[in-house]
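Two complexes come next, and they have one chain in common, chain A, joined by chain B in the first and chain C in the second.
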Partner chain A sequence: MKPKKEIKKIVFQSAEDMPTMPMSIGNMLWNKTGSWRNIRPEIRLEDCIQCGICWKFCPDMSIEIEAEWPVVNYDYCKGCGICAEECPAKCIVMVEERK
Partner chain B sequence: MKKEKKMTLTLPVEELVGSGNLACQGCGANLALRYVLKALGQRTVLCIPACCWAVIDGAFPHSCMSVPIYHCAFETAASTATGVKAGLEMVGDLETTVVAWAGDGGTFDIGLQALSGAAERNDDIIYVCYDNEAYMNTGIQRSSATPTGAWTTTTPVKFPKDRPKKDIDAIMAAHRIPYLATASISYPEDVVKKTKKAKSIKGTRFIHIYAPCPTGWKSRPEDAVKLGRMVVQNCVFPLYEVEHGEKYTLNMKIKDKKPIDDYLKLQGRFRHLKPEQIKLMQEEVDHNWARLLKKCESA
Partner chain C sequence: MKKVIMGNHALSYGAMLSRSQVIAAYPITPQTQVVELLSEMCADGTLNAKFIKVESEHSAMAACIGASAAGARAFTATSSQGLALMHEMLHWASGGRLPVVLGNINRAMAPGWTIWTDQNDSLSQRDTGWIQFYCASNQEVVDTVIQAFKVSEALAIPSMVVLDAFALSHTYEVVDIPDQAKVDAYLPPFNPPYRVTPDDPRAFGGLTGPEHYMELRFKLQKDMEKVLEMIERTGREYEKQFGRYLGLVDDYLCDDAEIILVTSGTAGYTAHVAVDEMRDHGLKVGNLRIKVFRPFPFEIVRRLTQSAKKIAVVDRNISYGHHGIFAQELKSAIYGHGDCKPVFGFIAGLGGRDITPASFREVVDFTISHDRPEEEIIWIGVKK
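Presenting the complex of A and B:
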């Protein structure tokens, strides 16, 4: 939906590299929480009614909307299963993760 | 693809909490802040004391959020927010919303004095307590927000909690603050509406958000949203607002009040309960509900 932010982990080589004020200068996108998952949501779009409920309740901002359809971002989806549980059309199934 | 149709989005689309954060799977606290920031927008500062959210955000120099946050000591969420607000006013910034964002331990227990001070002075801050009903960040210890009967590591099965949950909302109402609201993560539109309303008011505003915690409650992550809905429908956690400590408004009328059994069954922290204990808990819920209805009627 939005332009993606830079995905970069910041590592300081020495104390001089550190900002003088202890402030956050990077996001957490380098932390691909998708690796936490042991079950993955799969959306059967044929049955999707585009209600946006999966997007609304995903705690990890891992349901994106592309051209008016929900798409799971597997880089960050933690596999909690809330989307599948809440989908009124029951069109999200949780399947065993392929490793 | 088939039929042309627009996706229905009932919340602001801007995401100010980012992915890659360290919340557990199905964390209610994660949803709580996501919704609150959707309502407040970019011009917001958060003051976060020690709590799960101090960890979820990520380790220095990273932060999953697109708004500035100030990590403060456990007992100081309200006083830190007061100070940040005063500092911003000194430099002529009257626009930025200053929010204290604390857990139940940081609010009901250790931060209560600072919160009471800010509320009594009617400092111009929004104080949000996300309530997961225990000290989760340090490994599930009882807080005064833990409900009767619940297991925690400090209220083991042999000695479950025997005191009722502290009524923090009544305490805050007694301060006659301009606005106070309860909310649940399972009703995000209501969270957004109340947060926007709070933003439009001056003075101390208090929002108490019910935030299920699969890790601490020993519940399934996929049930987090279901649990947040059940507590509203069985009147364990009713949704209401209080203006100036007196005008009570019930936001969700409950016609068909559900028994608490199904909500208890979904959580391992209540697994040890015997029927007579459940009966006592149901009586406590009924009693609190009747008391709230009376307050709403007389308002």
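Presenting the complex of A and C:
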């Protein structure tokens, strides 16, 4: 995988500085959708077969592969449960969020 | 090369000569032949484009938006209910600043279920941020599609090329098909500054907060304001190459006219014939056919109607609870500029009812015999 680009929130001071089309202005840095979550996925790595299906299926790109193991990014995971549904090893469980 | 072709095929030839790279469309009467011919061209290799079959017009426009964002020249065509179904995606194309070109065959909106012409389908999309061209001949259709890509790509605003159902879509006329090499010289490949590509990943059209949204709309409007000048400039370039000029309006005997008819689409050509007849009878009538509706060519309309005593706008459309839509535009164009001359708003030809030279004689008779319009709408040919 290529190294990730640095993300930073951009606030344009004038219309002229802005790109013509609404594009890559880093608004998701503050729009942390993880706060919407009612149930959270927890991955039991001891049962994980490293297939990458959770990473592939996550519609919000909130599962990352770090050193070959999946890690949930709770800043953005909305708790939809698709990863738990698709996991062939059934090693992802959805746990009620404690707020 | 000259060919006798139907209006729908004129759209296909325009898209082919422009070397459209992606065509996504869903068939609807009276548009079907546009995409039939394009699919044949894609199949036999005449046109090197990806033809995407879709399950609805909403998806057709969505596919064009995706293609355009990826840097491909995208074309689609639709009509009436299909255009209405595209409505949400029309905003995505203009807001995303993607220069898609769409051929729309003017067909009245149902119910009652109808396939015949009027302009309410395209004029209902007035505020979506698309450039709108209204054509009156098959030649104009071919030429307009090619120029629409040029203007759209220069300013990153999508274009709608509009023609009347049957009166143009299914009418065969002699069309001078522009030479491909000349079109290539006129319209170079689409090369947007940003595109969807794995080499430079970006989020397009993502969440935009109050600190940015208004500037984006400001920029769209500012670029929209450049369209008229761009149409004139690229029109002159086109004229140099092909000998035909596509301007903002087609003005006929407006200079000395006491009454100016304001028309659009094929009814505008009928008006042209009617003006000749009326001139033979000594009536000083002119015809101002509006070719570009969005952005509205305020300045040229003001200039050409300056010396007229009365203006008679013939609308093949209606804004319910208001007037004919071109009549509104005319009033807003001349308000506060010079003498306040009466604008007579006529509505004719809804749902494909014929607009004939006799209709224009009726319009002119009424306009001559009344000092003021008296009613907001004067209906032509309605069985009251």
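To be clear about the criterion, the second predicted complex is superposed on the first by the 72 of 99 C-alpha atoms of A that agree within 3 Å, B and C clash if a C-alpha of one lies under 4 Å from a C-alpha of the other, contacts with A are read in each partner's own complex, and residues count from 1 in each chain.
Quick note on the criterion: contacts are C-beta pairs under 8 Å (C-beta built on N, C-alpha and C of every residue); 3 or more make two chains touch, one makes a residue touch a chain.
The structure displayed is predicted, hence computed values, not measured ones.
Novice: Where does A:79 make contact in the superposed view: on chain B (first), on chain C (second), on both, or on neither?
Specialist: So A:79 only meets chain B here.
Novice: Scan A:24 for contacts with chain B and chain C and give back first, second, both or neither.
Specialist: both
Novice: Which holds for A:90: it touches chain B only (first), chain C only (second), both, or neither?
Specialist: neither
Novice: Quick one: classify A:70 as touching chain B (first), chain C (second), both or neither.
Specialist: first
Novice: Please work out whether A:15 is in contact with chain B alone, chain C alone, both, or neither, and reply first, second, both or neither.
Specialist: It touches chain C, and chain B stays clear.
Novice: In the three-chain superposition, say which chain, chain B or chain C, touches more residues of chain A.
Specialist: B
Novice: Tell me the contact category for A:44 with respect to chain B and chain C: first, second, both or neither.
Specialist: neither
Novice: Could you list which residues of chain A make contact with chain B in one structure and with chain C in the other?
Specialist: 5, 12, 18-19, 22-25, 27-28, 31
Novice: Once bound in the complex, which stretches of chain A touch chain C?
Specialist: Interface residues on chain A, with respect to chain C: 5, 11-12, 14-15, 18-25, 27-28, 31.
Novice: Mind pulling up the chain C residues that touch chain A in the complex?
Specialist: Those in contact with chain A are residues 95-98, 156, 193-194, 201-209, 211-213, 215-216, 218-219, 222-223.
Novice: For a test of understanding, state which residues of chain A touch chain B in their complex under the given definition.
Specialist: Its residues touching chain B are 1-2, 5, 9-10, 12, 18-19, 22-33, 36, 45-46, 50-52, 55-57, 59-62, 65, 67-70, 73, 75-76, 78-82, 84-86.
Novice: Okay, in this complex, where on chain B does chain A touch?
Specialist: Touch list, chain B to chain A: 1-2, 5-11, 13, 15, 17-23, 25-28, 30-31, 34, 57-58, 60-64, 66, 69, 188, 214, 220-226.
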